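These are the structures in question, set out in turn.
The following pair of complexes shares a single chain, chain A, combined with chain B in the former and chain C in the latter.
The block that comes next holds the complex of A and B.
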């Protein structure tokens, strides 16, 4: 008897919530993380799975009250093709284009990237840098979790086992800029060695405000580099500020050697790409 | 709410072939046949081993060691499992000798109880069941009881030598005494995985005669055949091996298929039914052979004019836990270690030792890419020290006609080293671009190097560089290898008037099935689709030797042409005045079948002494030059190989499209070797043994490759061809590293040149990091 999980394919959220409440059930969206774990025998085959593909409530990209809201089932291809994303948060489009390659972009979803919570998840630093909020729901109700509180430990999130990710809300404050840089091993199908999102608000006279420096692949979870953010808060992207920020970032990070890269490289390259982004922002 | 279940069954849909078999390649290669197996592969109709259906077949898996070195005390089967529903095989079930027949008989089919486990992922027991789920459930219920033994991982610390050679000529001390400059260098290369698209796969079908039929993905049907006879104690007829459609090999299906075929057979004999052993990628990478890691030390003496006067080279290869083909890999590595350069005083030394890591084996280039990388690094570094163009330094030393190699071989013909060099320099505008990149790095400040600080680069984000390498590749087997195996290839006119080519040489994407009929057709004066290529089934075809060493077109192709000529002569003699293409059908009706078996005969005048390593190490050499252009990101040290000009002398181009395909593929594989591919090993175990972690170049990483083919024919082969499969693999890696140096000012001595290594080297040159 082959071990085949039972798979439910609900059309409505309430049905999905029922299934989740009934006992351990593994959601599957694009399957690009789940299936790799199953076929690679990296995790046991789940007993029950919940296919999210038919739940329309999890789809769609909308503007809502000054925020860009993406359904958890939004694929990278949908992000790349979205006029709303391009207009209001082009960094999402830029990042989506670096994920895997066409096949993965067609299947992989934003919600999957978030729930999978790999420290190397490429979208996650953007969530941190933009103060995004993750809307989750279950039979017990819905709640919004700020991205900064979502990734609590290595591959552990604030999501309860009976909850689904429903939407991601990206606030769109005026005057905000976001930059993204991924350093992978090759030009496609590459897991990041370092991935960075940098955001700031610029109103001219006061220097940079609400600076966010978020990174992936340099710690057990995606992180914000708070000390570096502080250095840049109120500053302008001058050579001096860039040098100082790079130096602080190098001290702040504590990455590891692993099969993909070295701690030294990750630390140094994080500083260098931050420096480059600041140089580009400063136009020097 | 609808509920559905996974279906794991794969449906195979037969599709009609859309290409008319008589169709010719359009465009510049008009007149050359299309790839025979191409349409079926393109449409998905081609059947690889895993696509073959054998009713009632069971699935088999291998229980492997999890230690690098240990005594196997016992194999324990969990008493709570009903083992009568499945089949377990161990060394005790082997009817013949417990060895995988190869050069030395040191590798067991399965480690016996009481025996020694010598590497991680070594096969210890086998398990077969009607379905995969049972295997998944039961494999953890077989426990290996072991006693650890101290492992050896450093090949220089090993006291077990698989092979050792030395070649000397002239007087080394005298040579160095006359040198104006002495340059030393140590270069290291690691494992490389062949990464064929199709994983290893074998199906064993037991026969009524107590024998076994193997269907599998493999390069060398008669290697597997020999291994079956030995370990299963079968007669020549009882063992039968059929090479199925094979999705790439690159040397990786030269040795290990014998092991897998034996495993499948042991289970099939015990289960009395067909057994499928289809490897998953993870298992394939963790257990099967890789390119040998090597440490190469050079000491070279040159005059101030750039003339090489002394070369002292030491090569150490890590053979892994068993001998496999290491002695021959080492031998080729040694013979190519000096590079294609004249030098009067030379000492080349090489040894391969045993470590407690999975055995290494054949891989495109077979030892030469390792040592030629070192040789070209050395030459480029000498050029830098002499402040001489690397092109000019090569011009002054490169082999010319009638030069003598360190084994005393006089290069009497087919020497195109200068020509490939000049063509590559011309096509790439090498000197002009080098001037430009030198100017650019001077503008960046300093002596061609980069970073103003460890934490930031300068105002330029990228640096460009160009690099050159030259190489040679001994054509066919080393030394008296061909004479020793004495291949036979046949061409047959069947009684029903068909023309067939019979050889044991397999198609694995390189074009055997296309070019053999093409060559025979050309001799017989018939269209190439009139010529059939018999299946690579040991019950049907003669032993024409393995599909390795770039020997298929050169050596076996030569036999096939000679056989075709004899067939043509025989038919035309019986039908005076009628050309073969008009006569053969009636001739077959009247006279029945005519089969010509052509046996290899030594190339005239080619003599090599295997004991002293003196003489003609190879009947001829292919020559290659590569010029690589790279862009290095100065922030991250990421390297983009933008383009490679690859100039290869192959003796004679048989099929331009397939030939260029070999050059492009070999070049890309070398670019991966240079920049990306790194097998990380800890405690004798490969850490990145999955496709997610062992990375090779994607289409996005592939440079633009411009191939220029040169023809300096070899007179010993009727068509003049010298082989092409491995030659391009020898040169692109050092060209890329030279280009990285041109861009950044740092030499990366150890492959691959990862951004981690480049960045560290950039800072190593600048002292401790300080912002």
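The block that comes next holds the complex of A and C.
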């Protein structure tokens, strides 16, 4: 039988904060990452754990002052069923549908994906592309961390050990479009080889503004391809712009070889995904 | 150790175990319900699928403290209602008729994933059914017969 560390099951945030402040404690939300790690002994077994499943403050999907706000404990199934997500940020629904299969979608949470900070975490490029902010809290108070400052190094985040992710705020600027594409091995259950989110604002005459090209599985953390973004800033999704952006992206990326894929393959696939998304956006 | 109480297949259950014990181990070892199988122990194969408040989950990824006060259904519960009539659940009948089980290791989990799909109002289209059982691996059947069996149950009777 796998290890069975001690676990506390608080009902309120303040109790959770007390526990976290008292010493090293590993939270568990849906358990789809942390249970695998414990059973497979992939990491040192935590001494104490903290169940987040009873804390209602971490749940819910709301519209607040021009932003869509998702509780950390929102599951992929809840995202897929959310009328608010479908209306205001359908790319979340699209991405949630590609994560694992039903068993994982029913349990896995947005907060878990973020805290786990796998370079292959599928929701993470969307956070980067939409300028999302991550609200975290603990006994020392709450703070909001922009997604672009959150993923510091391989599986290392700006979250302190005594803090929880409370929710994620996605700003909803008018005229913004967001696209998502994931390439894995099989359709369901696949860890991404490359995952990309592309966002832009289009007001007609000025060309694309605030372009974001974010990728997962091509570096130690989810990243933005800033040179490629610059090429597309002020541009239109023409065949020429797409060719150029794809070429810049290939040069800009510095992915890794690993068991799932080679660096060259990842570069090539990334360029192809971007090209395809631009072609679809341009309608050619 | 703590006492955790929940419903399993309609009957109250209580176990005195560590809160991080996997629901899979609680079902098989503490409650003797060995219909739920362990394949991979890491969420990949779906052999341990059960319903938690009606949603299909991998019991190997659920710590029992999260099950407190909730409703669990396992493959043993599938035929409970039908047994009163001296038969199996319609899904189990269909699996038998279509030869959808060979070695049988995947079958309990497959049945539970299919049950969740049907209970949520899922219809007989091939693609949706394949998506619903995408988290359940089968090394024997090639899936076609499993899908056929689920289609048969999902197809409304004339």
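A few points about this structure:
As a working rule, the second predicted complex is superposed on the first by the 281 of 284 C-alpha atoms of A that agree within 3 Å, B and C clash if a C-alpha of one lies under 4 Å from a C-alpha of the other, contacts with A are read in each partner's own complex, and residues count from 1 in each chain.
Rule of thumb we're sticking to: contacts are C-beta pairs under 8 Å (C-beta built on N, C-alpha and C of every residue); 3 or more make two chains touch, one makes a residue touch a chain.
Because the structure is a prediction, the values reported are computed rather than measured.
When the two complexes are overlaid on their common chain A, residue A:77 makes contact with chain C while staying clear of chain B. Contact with both chain B and chain C is seen for A:5 once the two complexes are overlaid on the shared chain. Of the two partner chains, chain C is the only one that A:103 touches; chain B does not reach it. Contacts of A:53 after superposition on the shared chain: chain C is touched, whereas chain B is not.
In the superposition on chain A, A:233 makes contact with neither chain B nor chain C.
In the superposed model, A:131 makes contact with neither chain B nor chain C. By the touch criterion defined above, A:250 lies against chain B but remains apart from chain C after alignment on the C-alpha atoms of chain A. Look at A:201: by the touch rule set out above, it reaches neither chain B nor chain C.
The partner that reaches more residues of chain A, of the two candidates chain B and chain C, is B. Residue overlap on chain A between the chain B contacts of one complex and the chain C contacts of the other covers 1-7, 9, 36, 40, 101, 187-189. Across the interface of their complex, chain C is touched by residues 1-7, 9, 28, 30-32, 35-36, 38-40, 49, 51, 53, 77, 100-104, 106-107, 187-189 of chain A.
For chain C in complex with chain A, the touching residues are 18-22, 25, 29, 41-44, 46, 49, 52, 55-58, 60-63, 65-66, 68, 113, 116-117, 131-136. Residue ranges on chain B touching chain A, taken from their complex, read 1-6, 8, 131-133, 136, 282, 453-457, 459, 461, 635-638, 640, 676, 680, 687-688, 690, 692-693, 695, 697-701, 755-756, 759-760, 763, 769, 771. Only residues 1-11, 15, 36, 40-41, 101, 183, 185-191, 242-243, 246-247, 250, 259-262, 264-265, 268-269, 271-273, 275-276, 279, 284 of chain A touch chain B when the two sit together in their complex.
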